[in-house]
Amino acid sequence: MCRWLAYSGSPVLLEELLYRPKHSLIVQSLHSQLGAEETNGDGFGVGWYGEADTPAVFHSIEPAWNDRNLRDLARHIRSGVVFAHIRASTGSPVQQTNCHPFRHGRWLWMHNGLIGDFLRVKRDLVLQVDPSLYPDMEGTTDSEVLFHLALTYGLEDDPPTAVERAIGLVEAVGEKHGVDHAMQGTMATTNGESLWAFRYSSEGKSRSLFYSTDVRTLKAQHPDNPVLHELSDESRMVVSEPCGALAGAWNEVPESSYGVVQEGQDELRPFTPRRPNGARPSGTGTKAPA
Amino acid sequence: MCRWLAYSGSPVLLEELLYRPKHSLIVQSLHSQLGAEETNGDGFGVGWYGEADTPAVFHSIEPAWNDRNLRDLARHIRSGVVFAHIRASTGSPVQQTNCHPFRHGRWLWMHNGLIGDFLRVKRDLVLQVDPSLYPDMEGTTDSEVLFHLALTYGLEDDPPTAVERAIGLVEAVGEKHGVDHAMQGTMATTNGESLWAFRYSSEGKSRSLFYSTDVRTLKAQHPDNPVLHELSDESRMVVSEPCGALAGAWNEVPESSYGVVQEGQDELRPFTPRRPNGARPSGTGTKAPA
Amino acid sequence: MCRWLAYSGSPVLLEELLYRPKHSLIVQSLHSQLGAEETNGDGFGVGWYGEADTPAVFHSIEPAWNDRNLRDLARHIRSGVVFAHIRASTGSPVQQTNCHPFRHGRWLWMHNGLIGDFLRVKRDLVLQVDPSLYPDMEGTTDSEVLFHLALTYGLEDDPPTAVERAIGLVEAVGEKHGVDHAMQGTMATTNGESLWAFRYSSEGKSRSLFYSTDVRTLKAQHPDNPVLHELSDESRMVVSEPCGALAGAWNEVPESSYGVVQEGQDELRPFTPRRPNGARPSGTGTKAPA
Amino acid sequence: MCRWLAYSGSPVLLEELLYRPKHSLIVQSLHSQLGAEETNGDGFGVGWYGEADTPAVFHSIEPAWNDRNLRDLARHIRSGVVFAHIRASTGSPVQQTNCHPFRHGRWLWMHNGLIGDFLRVKRDLVLQVDPSLYPDMEGTTDSEVLFHLALTYGLEDDPPTAVERAIGLVEAVGEKHGVDHAMQGTMATTNGESLWAFRYSSEGKSRSLFYSTDVRTLKAQHPDNPVLHELSDESRMVVSEPCGALAGAWNEVPESSYGVVQEGQDELRPFTPRRPNGARPSGTGTKAPA
């Protein structure tokens, strides 16, 4: 699978996010500890909000750990909203159009996990993508199709509902094709202002996902840590696996839930896929977080 | 657009086909004379029949003119059926899955040209691809969709009819969407035994296509040319533009026609797209060759 | 050879420099008009000054014209000193370590042209590079060796003298080996504050080089051009070939001369290689500009 | 470091060597068990003898595990002498010119390990390379310099002595610069007829190296194994780590020794570096194998 990192807060150099932490995302590209695969060397991508109306994305088919351009860019690019993703392909080709984050207008999307038996259900899913969005899909990943389903279902207006409907469709189509575990993964999306992160799998055993503790709390707990004091109180990270060793800094996102990082109070809520008929399914994989 | 070369005959080193001629395909990658674009530097591909049941393909996103691997492989690979293609993208990404030739089982396919307004008609075309073939499409080119339409319509049994039906569909769908010139191009396909080459465009102004003169004739005309005497009488090349300077060696494939290179007598026949309803269209672009 | 662009002035988006002009550097990568080669598709590089102490460089082995990362970065990176270079290899491999601009500490360097018969003289030249700088050479180009010779001769203290000594050495070593035209090219170097551009060839027929007219003059001549009014009076470009169509905007750098773009008055001065013995050579290739 | 495989014997498909074994080299690119690094994802290379006078090499900067071209080539290329190498960079750039095997005329060379403190001793070593060979070095690895030192010392006439002299120089120069462990590694070289494999390190703790048991013995031990019966009695593999699970198939090459795979009786002999003054050194790292 993959590993990813989402950041929202005080503008920081990409270097601080990607290289500085002891168990940074770049280190994870060679040695992930919680991922389904230890090595995530099948390309990577970074997205950030900067000068232009739409976010920038930088995609590479080389492993992140030896990419010199990434190292250089990371020392010079500063942004308040950053997505970064390292890929371990589950079969689809290693090409830039399969690198996350994906972009649509002001929106970014990334995903760790998979749609079960994707090649079997792909056509049925793609048919549900809005025809006007159809030509925008340039790669061959399940993640990109999921993004365009969410866009079809109104991601830009109501992200949680759109993702619930997209995954509800994935489960309905999977069921039709006899797929056992239709959906697996963690996903993040942002419009450059708020950030949504989802953790869900049809079998109720989702890939790991963590969010950072409120910076105010951390500052109180670690009054001598200078890095913390450079961060605004609103700064927050969501990651596939903890990438620093600061005690008390990381909290697991519960199964079947999603979080919103936004101006004001952040939120953590239950996530329940919505089937195409509008009904919420009952049964496996939908237990609410404690 | 692109440039391509198809060879069938005595087994030859790829080097003889790709590098030796004065105006070779590799030279054309930098300086095409007849192409819509002079530079064809957006990746390339070579396909050939060798040890395995299915043909080999080698795809690269680098320009052919400076690819050291191609140069080395060309000195060591010998085959009796070779396809080679250099790409000038008309918009779709430069990635290996967009490099020709495309492969399905024992079949290879390559194309120079384009489906008009492809992003507008793509979804309608893709929907006609046999669902069992659908997941095999890994890239984003019109050429790969065209190949899978032809496969859907029976390419493996009757190539000319399958291609006529595929292009008939392209024209019908284009018409529905108000596309002016739905189809443009030259195409080649092979199963490793026979080779079919097509020249057709909806507006009747197709990309150039040439076939080599019968080797027996060339041997009689050039009794002192040693290269010719290494070739079997059955050897034949079909190319986007002539790649050698031998007098009398190249003949233009007429508008709206296709050729078959096969055991026994090669053939040159008229090509007429077949619309989905089975009717042959009347009007522009379907005039038979003289 | 290659084409390059150097900019110093008001911070601008790379996009304005690289993509906006009618005959932009990106266009030149496919269709150069004044270059020794029309196509400059063997990789490219961009260097700029930003957040870190040392400038950023972004190198790619793909042709610039189809690099999506460059297009995205260009929309988000703003800098007051930018170097950009598109490469047409004269034989050395297409790899990132052969892409310009080269960097040493705060210095950038790029070059269009060649050291004559480089493989014959390379060892003798490399031996003159300061041993402490020797391991920094990572590629195989003449341009990188030239840069390290200039660094050896004090580029960081007195660029014109260092370059005169470096090229004097190239000519002396070339003479020893019987090379006809030892040096050919245009070069640019910067420390992020001032910018030096050189035009010189041993035979007195140097690659083209142009500098932009003083912005104050252009503003007076084109009072209605809004782009000009965004530029500070100090803004200046030096380029291999003019990349815009503004009347009166471009002036040729004379043979055997160099220019300095700096705070205060820019300068244009004669350039004369200095042989290792300290003497200035007499004869061809050293005529002063009018 | 890296992992490598050398094969000499009955012509086999690359696929049999690279993909078929349970713990194949391709598997090792993701999960090496005996290597200094578990992941060997910094490019790879394959060399083989085929149609041309000189061997073919195929180099790629992508990880071997996801390279589609390699997979296709492996199904179609058959050779009696094959070198394959997967790289884990110890700092030098990931570029094709740093991929093994290196080639000179009919000779191939590959190396797993390193020259200690290479950047400190590189210049002194390079100066000892024959000036006529100097321009052939295109990359920046210690391995390529070692190859050219061995060529300088007569590799083509007497490989063991040439390698002993090359490594003797490395140790002498390392000593001068105060390098603790000047040499580490296993190396293989071939002219397409015989094959030499070396295991040596200055500290006497060399990277692992194994050779396959005589095919006659294996056939007697495993009379029912069909793969063995396709192999000629002369077939032999030398590998960084065993890549199959056949009992009794693999034997460790002792410390400080080298083997020769050749027509007639293969040999295993002690390896002792020769210092530049011609004397054999005494002391650590030179103990003969039991």
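Going by the order they are written in, the chains are A, B, C and D; count residues from 1 in each one.
We adopt the following convention: a contact is a pair of C-beta atoms (placed from the backbone, for glycine too) under 8 Å apart; a residue touches a chain by one contact, two chains touch by 3 or more.
For clarity, every value in this text was computed on a predicted model and none was experimentally measured.
Remark: among chain pairs A-B and A-C, A-C carries the greater number of C-beta contacts. Two copies of one chain, chain A and chain D, form a contact in which over half of the residue numbers belong to both partners. In terms of their C-alpha centroids, the spacing between chain A and chain C amounts to 42 Å.
For the pair chain A and chain D, the distance between mean C-alpha positions equals 42 Å.
Counting partners per residue, chain B has 68, 93, 96 as the residues that reach two or more other chains. Listed in rising order, the residues of chain C touching chain A in the complex are 13, 48, 50-52, 56-60, 68-69, 72-73, 75-78, 96.
Taken together, the chain D residues at the contact with chain A in this complex read 30, 38-39, 41-42, 61-63, 66, 68, 89, 93-94. Only residues 92-93, 95-97, 119-120, 122-123, 127, 131, 134-135, 138-140 of chain C touch chain D when the two sit together in their complex.
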